[in-house]
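Here the structure is laid out as structure tokens; the discussion comes afterwards.
Note that the chains take the letters A, B and C in the order they are written out, and that residue 1 is the start of every chain.
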């Protein structure tokens, strides 16, 4: 029975995640259009709502082109690594407290592992492989440069990302994500207690997901498409999907760690409880994530791209010291205030 | 054979098989990627031993950090696929005898030894908290000395790899 | 726990001083490139550490949950190590070879203090984890320093060879440690000793582990057959570093090895009432293994040194031979033997550093380390010639130099342990060593200087430095009572009832 519940949870969450990702793509296109004073895709379905479906069909129908000198096996493997790592990270994120169905309490989290934070850091650090491998195996200079850039970028920002989380861990006194969320009841969200940690983590998350203004790996004017220049058809689609899933996962992480996860302030005062509250909490979680995703998108279309050396010096000379200072300050505060 | 046994042998096979590829492959890029699976296998052992923190750190540090840098270096090396690692076999016969004798001795001794083991009930659900406490109490000194070692290595790496600019200008 | 840590920190002042100096020199290097300033800062750290060691109360204890033993034995070796480091820092201020590298002088001086820190930790480490970490700290710093003048091709080669040998040796040692841990479930050497003493341990596995750990020690003290790196590294590294490696890192290796064998494998309480010899647990006589290493080191070191024409290489083989002599002191497995090793190290500190200092002076002035550069040195610069003669005679062990005293105590400890065969081998080896040391003397005094071999004088600091090394080498040969008393008083290892 436990296994069955787990399978149901996995299928539901993955399904929702993929659906959300597909519509995030549409959202991005519509928002971009609005910012650029265009209309955007609005033909397929009402207001273009079926556009993602059409895109998927298009990508599947396209021919899969592999460059002649590419390393075939690794070329195929790279997008699979990218997408699977993006998906597995979501497994530990609690998207709600727990729900009681047919007399059974079900935790709204796929895998409740007691070192969840470390698991997430480990998984994001593995994400580099997909990018690096695709860049190398394509045997093309644009891909290789894009792959190298993004590996260097992800490695540099991973460190500040990990250090930014430490402040949160110190406050919660636990590496469990559900515990971290429980600690942020009411308005005691970590963004209040850890403003510097929040900023460092968010900036690092932008860099980790290769999003604007850190999207140098695929800087179009210089590198064509970056590491996925030589990909087409379904494999390109997988990279595309991975990129947007990473964005959603990053938003979910920021929500969990800094924005109170599924917590709704004053929920108890309003007399909410039971399954209704749980559903509302899941809704709150989704709303927070979506707002962050919107933030990601707006940043992309409003801020210019960094130069590569600026990006590196920002990572090592600003973010890293800031993250370390944050740890010191947090430690001091805990020592003094208790 | 319980499920744990099956998992153990699976990890053992992955670790040893990929380690063999690391050593015997003539293509350095295959070696680098085979190392990835070796590290994964070892992380699996740690999980089986109940050392969750070490397992995830293994992934975080070795797979996510060190190996990426290694692959990075390999990728930056020009024409890496075509480079044959020259490892000619010298004195294969003698080496074979010596190695099999050593391996036999070690295996024999290990088989005959009664190792000191902790009872399985002592396994903690999570080891992270206890590890942290130990590092700050009874293992404080090694912890701090390790940081000095790392600092020395860091400075040394920078010292070795940095170009001597004054020399360059003079030349 | 906190009171204990604070209490331990009081015993840790010498190492703390070195750590602070290390960090300070690195930070200073960001601001200034003045090699004299950073050098002096490093020296201040080492002097402070020496001061803290000397004012420590003569009580035996452990610090940081038995990680580090603070006892007479470790204090003695720390003094030797710190004194050697200090003298080498003085060398470094003068060395022309180091001036050739414009960058990284702060790093050089910082790494020297880190090296001293690593070696002090080795002298005190009483937990196998700590031993390994201290060994790694020492090794990594040594690799870097050996390759410091990396523009010189042989320096880079030296560093690389050193890294490869070092990695294999420390890997083996770590493997050995892991086996001991598997057998006893403990890393702390006192607990390991208890577990071994209970007699539940498979002897063959223990022997395998012991041999693997011995590889690590043997590499550090460059005993045959773990010596292959020594000649190349000594030749390629800057002279200052070679000098330091030949004395201080050997001393640290010996300190760690003696403590390990004494505490881990010997019965702590039993044995020693009458003869003072240690009783080995499990009946395996580790001193036989060490005796083989000692004889091999002496013989091979001395015989190969006969053919060397490069002075640094020659001194490298001679240092292998000296490791052999000192191992003889350990082979006795008695307090007399250990105190003889300690006496030998003080003597060796002055005479060996003196010989390397002369090599450095000659290399700085003639640009060569070959035997031919020494032709007619006695006429060209009589003071250097006389000094070198005394250092070499002392290295041979001829009275009235200090080297004689060192050998005398080693051999008398061997006789006390009724190991006459080893005495004979040791004496024969000294005779062989006389031949190649005298070869240098012959070159200096009996050969005419090559045409163009300029006469060179010495500056005041150089004369002072030579005197600093020369006077103890002679004095300790004539008046060695206090040294011997101090060494015999310092053999106390924590946990061993006297």
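Quick note on the criterion: a residue touches a chain if its C-beta (ideal position, glycine included) is under 8 Å from a C-beta of that chain, and two chains touch if they have at least 3 such contacts.
Everything numeric in this text was worked out from a predicted model, so none of it was measured.
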Maximum inter-chain contact count - chain pair: B-C
Chain with minimal offset from the mean of all protein Cα atoms: B
Geometric centre distance via CA averages, chain B-chain A, whole Å: 30
Chain B-chain C separation of Cα centroids, rounded to whole Å: 31
Separation of mean Cα positions, chain C and chain A [Å, integer]: 55
Parts of chain B lying in touch with chain C, wherever the complex brings them together: 105-106, 109-110, 112-116, 118, 137-142, 145-146, 148-149, 152-153, 155-156, 159-160, 162, 164-167
Chain C residues touching chain B - in the complex, by the definition given at the top: 1, 5, 8, 19, 22, 26, 63-65, 67-68, 101-104, 107, 110-111, 114, 117, 121, 127, 129-130, 133-134, 136-137, 140-141, 143-144, 147-148, 150-151, 182-185, 195, 200, 202, 204-205, 208
In the complex, chain A residues that touch chain B: 71, 74, 113-115, 118-119, 121-122, 124-126, 128-129, 132, 135-136, 144, 147-148, 151-152, 155, 158, 175
Residue ranges of chain B in contact with chain A within the complex: 29, 33, 36, 52-53, 56-57, 59-60, 63-65, 68-69, 71-72, 75-76, 81, 125-126, 128
